[in-house]
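There are structures below to look over.
In the two complexes below, chain A is the common chain; its partner is chain B in one and chain C in the other.
After this line comes the complex of A and B, so read on.
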């Protein structure tokens, strides 16, 4: 099986998964709420007018008909009207998606730059007290819930020292013609720092410990002994020979983490009032904004699927055995 | 007969034979945990949390939902011109009246308590065990008097307290000594008494309303105030017709406090910010900024006066009008008095002990509603463990079953189940739970369900890869050739071998479930009125007070972290039990050689 075929198969798999998630979402929403217009239809409308509203929203059709309308609308990027914003859901969600990525990607990059470096350091100092402290530290960082770390950060750096803003993406009011206008500013970096560090610290422990473990394994291999025999400096051996060979599992883990980070992001966005997808979906629950909640969920699970797919593709490049073995067993 | 009985017996014995290794596999993890020092540490921390959860009602010092009040007697000293000093707590009974006579200070407080200032500046409490509250006190030439409920009047003469009560059981609200030296008491049912010839004589006021205070400016010139706007002048031994001005022009509010400063100046204050002024001829209502109840007033000069009352209200008079003075505390004051260069505001009403920092009474302080955070955190451990254990069992049961079936049957069943797992991986947990809450409403079961329905995916993959390698082992093939059914092979031959791994996964899932529960509760998706570490932080965030009240957010977070760390440490120790080679992280990856699961995913 070639690489192209492997990727095609994975894409098809991903689309199928997404299709099933969309289907489940539709039926869960419709079965739990047989009449979504109840929230929308004002009291005092006559039966005929109510029927008209239902017809307008296509709710007089059989469930299966509604389901096909739902799918075709989805393909056309038509996710309905938000009850809360009284505007189409899709453009709003798209905007929130960019904001989410503008926080998530820097955070993951920072944690996967720092994590492996610390991991190399720990394996270097193997058996020492700083290694022990590092391992315990990694465990503790991973155990502290994201939202709590965020709150502590806000309290310490935002309130006590008052050196970082505590909420939002930019100081209000601001004007940004388009998205990149918004994020290519110092003000944005200023706002980004605390939420980014909150996420980065949480995800840093895992690559650090993985890196350490793999490093220790690689160090036991024969070619390292050869390097030592050649008289290379320890630093050179560590960074050039061991680390390079130990990076693979970290890269895999990074790809998996990005998928999971989409969910973990929600609380951080809530704590820091970051106008992203996660905050939007929590707000949608508070305002009973069903189209918004549905749309945000679609977007998030789509994001997760794409991340998982990218993880597999990256892995197939790094470790070609996956492709030739058929991706399984 | 024998044969018939023998066969089930044999079957039982045969089963017992399997029990021993089965028990061994169950006990093995425990032994392994205790071989690892970090594992022991984890086990100890976890046991402490479990003990806290079990003994929560004993450990909790307060009802976590109770709004804790503080009851205290206190003084707030000031000097004319508005120099306010520190709030000083004296005793634990709210002070209803304070008299200053020279160096002497006597405070009449609730629950039969009288505080007297000693020469060394300390306060001494005299407790009169009469089961009544004192409302008034005064100092006459040769004695101190205090009076209160049920017509009880106590006098301090020659170093001892004597009771001296009225014939009627009416509450006494005011005591005063006229410049002529006569003692007067006012109280319920429009009664005014004077102390004459060693007994209390009732005077006829012509009113039946409760009277609150009496104040003299000269030996024969006094004002009495009371409920529903009652103001009565007492001149030359005569009560002038009660001025019930309520229904005409001025006020029908209850009046609480009075200061008759000079013949041309008096103020009376009362309910809903009522301030009545007297200019020597007429009573008139004055504008005040406050709508809160005022309890006391004192006049320092014709250009300076203060009125105090409910919730820390202080009104200041500048000779023309009343303005709200900056609030010093939020406590309800009961009165104000001045003598010479100093004055005192006294009280105070029992108040909600809100946002109190940690103290001996509240180990972790209190919330903005005066609730005890220590007790909330203690009860929160129950929720965390309950959700953690139930969700972890659910996750494990699902993951174990799916992994076992998938790994054992392989082929089409495996492909199908793994696609289901893929779909599960496509849904992030928090949004999934949020959608469930949107549809079914918030609740603990929804949280458990969300965790259980979604996170079995990792367990299924891990168990599956272990089963896949087991199936190829000779003993499974032997069992198959011996004619064992699929179910028998799965349950008797494979399951016990996967059990250690399942234990590890149980620990991992529990740590994850506890974090997830805290996260979802923090988002407000948990049930109201159930204390969990997440909901405590949710409440803190909602109140907005968490930005300064560090004692509110640090303890729950530490408990969450400690619990999760302990579970991680245990699971780390357990990892020795399982062959890392057999554990796959990413399903698409080949059997990974590296032990990458130092920490659980997710």
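After this line comes the complex of A and C, so read on.
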């Protein structure tokens, strides 16, 4: 099977998976969340007035009818009307998505730059005390709950030392006509630091440990011995030969992490009051805002699928065996 | 053979018959529906206290913590409950007794109505209809008192407690906050009340609740309206004592029982410089009726039409005379600029950035960034602007109550908009710069019985078990003293309408047992039994 065929097949698989995801999203939210209009009674709305509201959101239709409307709308690029905001979902999600990415991308870059480098270092220092400390440290950081780290950061740097802000993306009040006005400032970086570090520290452990483990595996392979026999320097072997081959699992992991990152780190966004998509999802679930929750998850699942697909394609370049293994038919 | 079968058939019937004549049925186990602990720990704990006390009387109760929307749906729409603990929040227009008294009216017992327990009392219905059209405040008060007297003594609903709002502000930066029942200190009088103590003349409010939207024809949250009412004027404003005060109206007067004459204040301007005219006022009321905005229906429903009499006078013609048209409708419907709204055909379809935000109110709209920030500035050309000492209001929108609290501690915000979490009250009191205030609320938490089910249809039974509800414990232990034991649906925080002399059911299990016995109930094997006929 050639590369072209491999890619076509992956795309078809991806579309099928997405359709299944869309269907599940629709039914899961309707089963799991209570009727969003129930809360209207609390506002003192009479039965007739509640019916008006139901009709407006199409909630008076039978479930299957709602499902087909949902699919047709999706194909037409319509994600529906938020029950809570009473406005189209898509622009709201997009706005939150930018904010989330503005937090997650720096966090991922920091963790996936530092992580693998530390991983190489640990495998190099195999058996030493620094390796031991590194592994323990990595596991501890990976296991510490994010909200806890976040709250400790807020307490120490925000309240005790009072050197970092504890919430939001910008010092208020501000005026920013465009999104980029908002993030290309020192003030933004200052606000970014604590939440970004909270996430980066958490993400760091995984690529570091994966890198270390695969490095050790690769170091045992024959071609490394060959390299040593050729008389290459230790450094050259480590970075050019071992690291390159050990990078593959890290790439996969990075792709998945980036895909999931779109949903934001819900907990970090709440702890630091970051106006991102994760916080929006929490609210959508709390208010039974189906369209909003669906839209956010559609966006997230779509990106996870795309990132996985890209990872597979990149993989086929980094390690040609992937494609040919699949081609034994 | 056939004889054997006959005996087999007759024997159980005999046993059943004997047991029926020997004694009446025991009370079945009842479900007590309440909120989850996560949603409201107080209502959750209260349910278990009630369970314990009822068990003392031989009444078996099974507490069912229920997710909030499901609870509301079961209670109001499905009416599928035995006993439920629910609450009403104290919104400002509910200071008028109409809404809360309506929960006792027999016309509201259909599914979806506000009286899911199914209470019906002819005298209450009659008084309710009379007070609705009674313009004389004293006479209306008498009727409102009598409804409370009857309903408390018949106990279709047991009002458990009223809960205080606890708020905090930075005492080093501002002073003069005036609390208002059900509103806390984030009232619409805030710009007039507070005085800055430093050079910072912007009040910064921390909140975790944000407007759903700022479309005056589409917002259905308190938080939307608490924000918008600062930049829109209404004809009338309610004072902290809930008296209607002429606002955009210079005066109002009921000239007959279904006509109200309003004289518009002169020299008012919208924030874009256009004058406010009688046409704008008429347009606003007409527009609300045309667009048929469900959330505001109770406000404009009594209105037939608005007539412009001359340049400064309007007549509001009512379909039915309603006594609270001035206090409720006129204090809620904002005056919209006709020149910006007239061409908008369906207001609900406006995209968020197309919504006009021009009003004539004391504050001017500046920004609303959902999830982050909103801002208002003082409108210098407002007729009451001389009484305002601040430059505006900033709002920081946090993700949760924890964020708001951190903001109060780090002095990022000057006050909070919504009640402090119980766990934050003490640490806030310990801060030098924070002053914690506790404001009584006119909303209430109640336990409603489904009167369609035995024995809750028995008034004597309800009166007896009222003595088994430890209200003082609710207040002292669950609320930390920040509240009051419940009596009637009109809270003491609403002094003009609250009847202080309604019957009180002291917590006394012996008295409860005595009353149950008098009504014919008896305990056997620790279980309460229905009276024998």
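In the analysis below, the second predicted complex is superposed on the first by the 253 of 329 C-alpha atoms of A that agree within 3 Å, B and C clash if a C-alpha of one lies under 4 Å from a C-alpha of the other, contacts with A are read in each partner's own complex, and residues count from 1 in each chain.
To be clear about the criterion, a residue touches a chain if its C-beta (ideal position, glycine included) is under 8 Å from a C-beta of that chain, and two chains touch if they have at least 3 such contacts.
In this text the structure is predicted, and so the values were computed from the model without any measurement.
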First, second, both or neither for A:209, with chain B first and chain C second: first
Partner chain in contact with A:159 - chain B first, chain C second, else both or neither: both
First, second, both or neither for A:52, with chain B first and chain C second: second
Partner chain(s) touched by A:288 [first = chain B, second = chain C, both, neither]: both
First, second, both or neither for A:311, with chain B first and chain C second: first
Chain B versus chain C as contact partner of A:71, first or second or both or neither: neither
Which superposed partner A:172 touches (first chain B, second chain C, both, neither): second
Contacts of A:224 with chain B and chain C, given as first, second, both or neither: neither
Comparison of chain B and chain C by chain A residues contacted: B
Which superposed partner A:101 touches (first chain B, second chain C, both, neither): neither
Common ground on chain A, meaning residues reached by chain C in one complex and by chain B in the other: 33, 154, 158-159, 166, 270-271, 282, 288
Touching residues on chain A, where the partner in the complex is chain C: 33-36, 38-47, 49-50, 52-53, 56, 84-88, 91-92, 95-96, 154, 158-159, 162, 165-170, 172-175, 269-275, 279-280, 282, 288
Residues of chain B defined as touching chain A within the complex: 418-419, 422-423, 425-432, 434-435, 437-440, 468, 511, 515, 518-519, 522-525, 537, 540-541, 546-548, 550, 553-554, 556-557, 560-562, 564-565, 568-569, 572, 585-590, 592-596, 598-599, 601-602
In the complex, chain A residues that touch chain B: 13, 16-18, 20-21, 25, 28-29, 32-33, 138-140, 142-149, 151-152, 154-155, 158-159, 166, 205-206, 209-210, 212-214, 217, 248-249, 252-253, 256, 259-260, 262-264, 266-267, 270-271, 278, 281-282, 284-286, 288, 290, 293-294, 296-297, 300-301, 304-305, 308, 311-312, 315, 319, 321-322, 325, 327-329
Contacting residues of chain C [partner chain A, same complex]: 67-70, 72-73, 76-77, 89, 99, 110-114, 202, 204, 212-213, 215, 218, 220, 292, 294-295, 297-298, 348, 351-352, 367, 369-373, 375, 394, 396-400, 402-403, 406-407, 409-410, 412
